[in-house]
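Questions regarding the structure given below will be posed in turn.
Read from first to last, the chains carry the letters A, B, C, D, E and F; within each, the first residue is number 1.
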Amino acid sequence: MNAAVMTTDTMPAKRPWRDNALFQGWLVLLLAVVFGALLAGVQTALGPTIAANKRNETLSQVPALLAPASGAAATAKLEIDTRMLPVSRGGRTAVYRVHRARRDGQLAGWVVQTAGQGYADRIEVLVGLSPEADVITGLFVLDQKETPGLGAKIATAPWRRQFVGKPAAAPLEVVKGGGAGANQIDAITGATISSRAVVAIVNRALADVSSQLAADAGKAAP
Amino acid sequence: MGWFGPHGGGGGTFARGIHPPANKHFSTGCAIEVVPCPERVVLPLQQNVGGPCTPVVKPRQKVAWGELVGRGEAFVSSALHAPVAGTVERPAMTTLPNGRHMPAIAIRTEDPGLTGQDLWEAVFGGPWSNDCIGSYEPQQIHEAILEAGIVGLGGAAFPTHVKINPNTQKPIHTLVVNGCECEPYLTADDQLMRQAPDAIIAGAFLAGYAVGARRVVIGVEDNKPEAVESLRRAVGRTGIEVAVLKTKYPQGSEKHLIKAVLGREVPLGGLPADVGVAIGNVGTMAAVARAVVRNRPLTHRVICVTGAGVARPKNLMVPIGISIGEIIDYCGGLTAEAARIVAGGPMMGFAVADRATPVTKGTSGITVLTAKDIETSAAGPCVRCGRCVEVCPMGLVPTKLAQAARTGDLRLARRHNILACFECGACAYSCPARIPLVQWIRVGKTQVARSQGR
Amino acid sequence: MIIWVTIGLSAAAMGTLAVFFTSVLGWANRAFHVPVDPRIEACAEALPGANCGGCGFVGCREYAAAVVCDAEPVDRCVVGGQSCTEALAAIMGVDPTPSLPYRPVVHCGAHTADRLLRAPYHGEPTCAAANLVTGVQGCTYGCLGFGDCQRACPFDAIHVIDGLATVDYTRCVGCGACARACPRNIITMAPFKAERILAVACSNKDSGKDVRRVCEVGCIGCKACQRACSLFTVQDNLPSIDYDAYCPDDLGDAIRAMEKCPRHCIVAVGKPSAKDLAALGDEQLPDVVAPDFKTTVDDTEWRG
Amino acid sequence: MSTPSAAQRFVRGILPENPVYRQMLGLCATLAVTNNLKSAVTMGAAVLFVLVCANLMVSLIRHWLTPHLRIVIFTLTIATFVTVADRLLAAFLYPMSKALGPYIPLIIVNCIIICRCEVCAAKQGPLTAVADALGQSLGFALALVSLAAVREILGTGMWFGFRVLPAAWPDWVIMVLPPGAFLTFGLLLGLANWISARRGGKEEA
Amino acid sequence: MTYFVDILLIALGAALINNFVFYYFVGICPFIGVSRRVEMAFGMGCAVTFVMTIAAAISWTMTRFVLMPGAPLTRWAAGLWLDPQAAAGVDLSILSYIVYIFAIAASVQFVEMYLRRFLPLLYRSFGVFLPLITTNCAILFACLTIMSRLVGVDDPAARWDLAQALALALFGGVGFTLAIVIMAGIREELEACDVPAPFRGVPIALVVGGILAMAFMGFTGVDNGLKTALTPPAAIVAQAPQADSGNGASTP
Amino acid sequence: MKTSGMKNKDNDKTAAANAGFGPALTEVASSPHLVESGRTTRRMMIDVLLALVPVAGAAVYFFRWPAVRQMAICLAACLAAEALFALMRRHRPPLADGSAAVTALILALSLPVTAPWYTAVIGSVAAIGVGKALFGGLGMNLFNPAMVGRAFVMISFAGALGAAGYQDPGSSIDVMTQATPLTAFQQSGVSAGLADLFLGRTNGSLGETSALACLIGGLFLCIRRSAAWRIPAAMLAAAGIIALLDTGLGVEGWTAAHHLFSGAMLFGAFFIATDPVSSPLTPLGQIIYGAGIGALVMVIRLFSGYPEGVMFAVLLMNALTPLINRWTIPTPFGGQ
């Protein structure tokens, strides 16, 4: 918008150092440096808070995704640590983020974070697993952009609750109406694709990580 | 140029176009009558495409029958002759049906000269010996046409000497004679072909010879079997072909006639000469014969007075310059239902409200339509049904042209080749929304012309 | 430590970036320099930006470019008026020539009842369309009354009243849209040297007999005005007023001519503001009435 | 042409020169974040913050602006404050920050801000610039809220996430989707034009 | 094979399925403002596509090598003062917005000056739109999208490379051009329509935009279906899951 | 000074009176002076309504009273909306031109029979209001109004009208207990019998189930030339070719014929795509437009999440219509 002005801004050629672009732009340079420093300061001040926000978004869901603890353990505080779990499969390496929850040092369960293509866009889910990684203990949809009123129902509690208690070993399957079987999930009416997408994401994640987690659990147990 | 069979490769028709009800029954059986000489004729100084002619007579001057009263000075203009003998009146203004407002020479008749059958014999009557025709030089024929002030009698009135010109840069191999008369109602050419085929053939032969054509084809639509029959009989040994074409409007457009007869397309913005063709109406051909053989100027023409709005439809031979009102009176006047008087055919003619409007060289008929014929329902919105595109013989998109004119969007108009439209009216005829497409396109053309003029 | 390094690196990165882009752009500014007259910008800013087309250019910007490059007069903007002219003159360093207010004059005086030989017209109700059909009314010169000018006016200053286009001079700014819209060219832009000026309210060039046949009020070319006052010249049966010689303070003869006219074709029109009274100049007279009546069918090669 | 005072600037921004309904500026954000009132209000606040800071900053340094680097400096300033706003939101209103996603950084290219810097801040003092910024951003927020109010209640039967319409209300899902944004804004804009035309007509009459 | 399918899907997604204008609401200002004539709209679209591609290349490079946490250049620079572990943690991503807009503004200005000087014909056809592009959100949005596919993606294999970034920008631009040209075609047609007075101009354009957005919703999920159709069944199993994004800060 | 010339009445009036053709003046107009009688916009709309009779009949036959109710609601709502919007602009309500009725019927026939009453009403108002009145009424609507209305409610009330909305297991009407053929095929690979598809013994939107009825009505329209035959021909050809490429020449299961006879393919081809206002004018344009719709329908059917895509395909090609018109300006006679 200022191009015409800019290119026509004819300057007297008497003082060469004044014509220097850098001299002309002293304000830009000054502001750039000051703003750069300012922003770094902001980052330093707020960065930890933001990082904590992001972490909490996930971690705050973890307790609800684990099998309810009984007795004294119920009051115990959860310790959650997060690590990246590389899984090699078919020549390519996938990396899962896995949260390990412990109560009083006892392994309370795993929460696997995974994502995949949904109907409209990516769906990000958290899958809770029992300590032995053989039973699903919960499911939470972190992020989705499915059709409101239809596919978006994957985020509702009643539908997610179906996953609780399903075995992690056999792949889950989607059925319409009913869904009584041990590894069957009832599709949302009118949103079969979204339902299938979630189940596929869960299936793949479980197939990838459950054996490793079980092994880890075995190692950790003794 | 080879021999392409009876239709010379054109298939006898062209793409698109319409089939309006012919309604030729009003006057199709009426033999041509000769109108009695009027008391006064008004000769507009410009009856043709091109420049006006310059009057060579003064008020109160006496003129004889067939005397030159106006000289065509520009290349594209033609001479004017007195159709009656009489006295020239004070200069007057007249408005032609096509909207042109111009000075005219008015002549008060004093001596009717030839009348009735005598006049017919002088103008069209035989014999027209085909044998002596070869004795005329092309240049001689051209000059005779020029002097006789002959213009195209089909309607557009383009000076014939420009078309039938041996000196043209482009070689002409075929002369196509237009006997289609595709306009509904009109039967003037039909009757002329039936009653004076010899004059037409003689004229066609002369004109063909003058332009150096190796082939002369007369195109007639298949709804005029008598005319075809009569022409075929008259052709004799001249080698002139009669091509019978499928009836369709607007077959009489020169470009479409050439397509139908020869199968060749005149380039956009080009002339028939670009494809080596010259073209002329049957009436024009008869006038050529008269001018060359009998040295008679164009003073009379055949017109058709027809339609349900006129009491007694007729085909008439009238002097040029007679008023439309007089002709209608001669045909018994208007009926009670008459609603619109059209100079020319109903598709391309111009509505006339003034009975003093003179008949010009280009007036091929007077059609009086009734309220029932003309549907005057108001125009509705265009629903883009595409009928106009389907019927446009020029392959244009009329509704877009109309839209361009309405919104004054000249770029759109040019992109859609508005100047290619020759206003045949097929689009407006078929428009279910009754949009006056032709009128809009004319508005658009004037806009384009104006912008080019600047 | 890491904090300071981050801050330092940010500042350094930004600094580097800024140096890079400023020097590149500074170099480009010089290397790719194309001289453009800054006065165009200035002129465009001074113009009102209404893009009304009253100056005869497509938009204000085009006019600005024309003022600078083609030395177009600076007084063409009718919307911006005097202040705009002065601003442009200041930019261009020229004397602001006082601009004479040009206002439209309708050269027709016939109302519906005065027009003879009218036929019912069926078709598009616009002048441009009706002008291509004969016989809408007998007079081929006069106002058709379908209001193309009314639709073209951006200032709601011209209306068809009883079949005749009538200018509302209190609203008119003289943009000329109506004159351009009229297919019969009966609206011309006349120099208003006074609040009211005399004008000829007819465009018919035919002889008196022909005029009487089509109009109750049209000029019959009797030359009474020409005899009464030297301002009037009758040519082609129609008087015209020599506006160069027209002096609003000395109209004795002209008013006599006006009263002499048997058809009352000479009328006083207009109501420009008082400040324009002083503004006189040697403006060239616009062409008075050149009816352009011609259908496109004239160029058609075939019919029927 | 007289320069408007601070108070004039403030008042003008809200309705007479409303950036959205009148100047057609900042349409991307207007359409994108108005599927519920919460986002709309947050967006309005973010724009307010950025606009006030940027206008103030530009107004303070206006004497040192060179013509050919003016826009660069505006952009630099705006981008800085937008980054600050973005991080502040992420730190203290994380859910909103997530919901608004890329539309917070896109404030950088929101024409309202650069336009105000150019039109007002670069020419007038800090006080006027701030008043102008407040007026314009309130106008912007008002437009966002009006749009969001219609979209949210039709689309979900709620306002600010609280149910307003009875539960039997069939949600017009389209309203919270992109087409609903275009349609609602188009209709509201038409309505605004109609109202102002009527009022203008009355004043004239 | 899957890589090319990926690129194809990115391209298709950017151009049609998640069209910048109709799905993400970016570039609305020129979409409404410069869509009166088809030629103008096409010029604008070309200019946007061109600048968007350049800006994407710059921003990808800057992000990949300077801005993202652990970017090589930053790590090297920080390593001059810090130990390698700490140097890897230096995060300049807060500068990204500023850098992007700087890159856009500079490249727009550079391109404009270049065209004006050396290709005046081209400049006349779309150079006039270039200054408007600086404030076109579509371009910044493309940069931001590319950033989100680089910063905070845990799985290094899932990070976009330059080709993917360019595919997004190029076809995002194509999608924008498509949208604006369609809009211009419709608006040329609208000039002949009897639109109620209050709705003339921008409001009816927005309504048309709404209808277009509805129509473009028909493409939802086409990328998904195409992916299934184009990927050989074996490859689906072998495909790595898209690792999550979002929790950017910590690295293994 | 006087402002205007006084009217002077005392001149030769007899000449003027004699000049015209008697007291009942003949009128003037531009050529041509004839019009094709019997072909009016209204007549075209009536043709469409007539052509819809077999389709509506089939709908009533298969879906019983709910179908009648649906059509009645849409008709009432559309006509009321048309009248309302016309009155808002102070125009005379153009109900007699039949276009609102056509929109209403097509909308009603393109909704599932299970559609709640309010969806029909909202759809009608959106169709007439957003799809038509805002653009200036008949002839100006650049998008097919019925499809605008349908898209509006389909997206709004995806739960009630989406693929699952069609099926009503408790219904007493036989066909309504099944899923629509396309949904059934897409989700479980079950293909319906070709004869059922052809006759209409399947579930689906009211008007689309019976291929036979659509064919009868459609051919009537094409023969009456109230619809451009090129559009349905090109659309079905394009869809058929893509379907063939997809299914191969398999005789079992889902074949290209299934694709053509199922869903709204035929209903769309003959009644929706042929809406003259929103389709191109030029012959070549009509072919491109039809083929585009056919191809898009197949793309949406095969790849997207939606089982059917006629509505989206028509709207998308409507959007392209101005550009198609622009790029397919026919070569004039004698042009290069």
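Following the convention adopted for this analysis, a residue touches a chain if its C-beta (ideal position, glycine included) is under 8 Å from a C-beta of that chain, and two chains touch if they have at least 3 such contacts.
It should be emphasised that the depicted structure is a prediction, and the values quoted were computed from it without experimental measurement.
Visitor: Along touching chains only, what is the step distance from subunit A to subunit C?
Guide: 1
Visitor: Going by the touch criterion stated earlier, list every chain that contacts subunit B and also contacts subunit F.
Guide: Joint contacts, listed by label: C, E.
Visitor: Treat each pair of touching chains as one step and give the shortest count from subunit C to subunit F.
Guide: 1
Visitor: If every chain is reduced to the average of its C-alpha atoms, which one ends up farthest from subunit A?
Guide: Between subunit A and every other chain, the largest centroid distance is to B.
Visitor: Where are there more C-beta contacts: B-E or A-F?
Guide: A-F
Visitor: Determine the centre-to-centre distance between subunit A and subunit D, using the mean Cα coordinates as centres, and give it in whole Å.
Guide: Centres of subunit A and subunit D (C-alpha means) sit 31 Å apart.
Visitor: Give, as an integer number of Å, the spacing between the C-alpha centres of subunit C and subunit B.
Guide: Taking the average C-alpha coordinate of subunit B and of subunit C, the gap between them is 41 Å.
Visitor: Roughly how many whole angstrom separate the Cα centroids of subunit C and subunit D?
Guide: 42
Visitor: How many angstrom lie between the centres of subunit C and subunit E, each centre taken as the mean Cα position?
Guide: 48
Visitor: What parts of subunit B, by residue number, touch at least two of the other chains?
Guide: Residue numbers touching two or more other chains: 255, 344, 347-354, 374, 376, 381, 423, 436, 439, 442.
Visitor: Among all residues of subunit E, which ones touch two or more of the remaining chains?
Guide: 91-92, 94-95, 98, 102, 106, 109, 113, 116, 134, 192, 194, 196, 199, 204, 207, 210-212, 214, 217, 220-221, 224
Visitor: Any chance you could list the residues of subunit C touching two or more other chains?
Guide: In subunit C, residues 6, 9-10, 12-14, 17-18, 21-22, 25, 29, 32-34, 117, 119, 122-123, 129, 132-135, 138 touch at least two other chains, as defined above.
Visitor: Which of the residues in subunit B end up touching subunit F in this complex?
Guide: 15, 18, 20, 184, 255-256, 259, 265-270, 325, 328, 334, 338-342, 344, 346-356, 367, 369, 373-377, 380-387, 389-390, 393-397, 399-400, 415-417, 420, 423, 425-426, 428-434, 436, 438-439, 442
Visitor: Provide the residue numbers of subunit F that touch subunit E in the complex, in ascending order.
Guide: Against subunit E, subunit F makes touches at 89, 130-131, 133-137, 140, 142-143, 148, 151-152, 155, 296, 299-300, 302-306, 309, 311-313, 315-316, 318-323, 326.
Visitor: Show which residues of subunit D lie in contact with subunit F when the two form their complex.
Guide: 170-175, 177, 179, 183, 190
Visitor: Spell out the residues on subunit F that touch subunit C in their complex, using ranges where they run on.
Guide: Going through subunit F, the ones touching subunit C are 1-9, 11-12, 15-16, 19-20, 25-30.
Visitor: Any idea which subunit A residues touch subunit E in the complex?
Guide: Interface residues on subunit A, with respect to subunit E: 1-3, 6-7, 35-36, 39-40, 42-43, 47, 51, 54-55, 57-58, 82-84, 89-97, 113-117, 119-122, 124, 142-143, 147, 193, 201, 204-205, 208.
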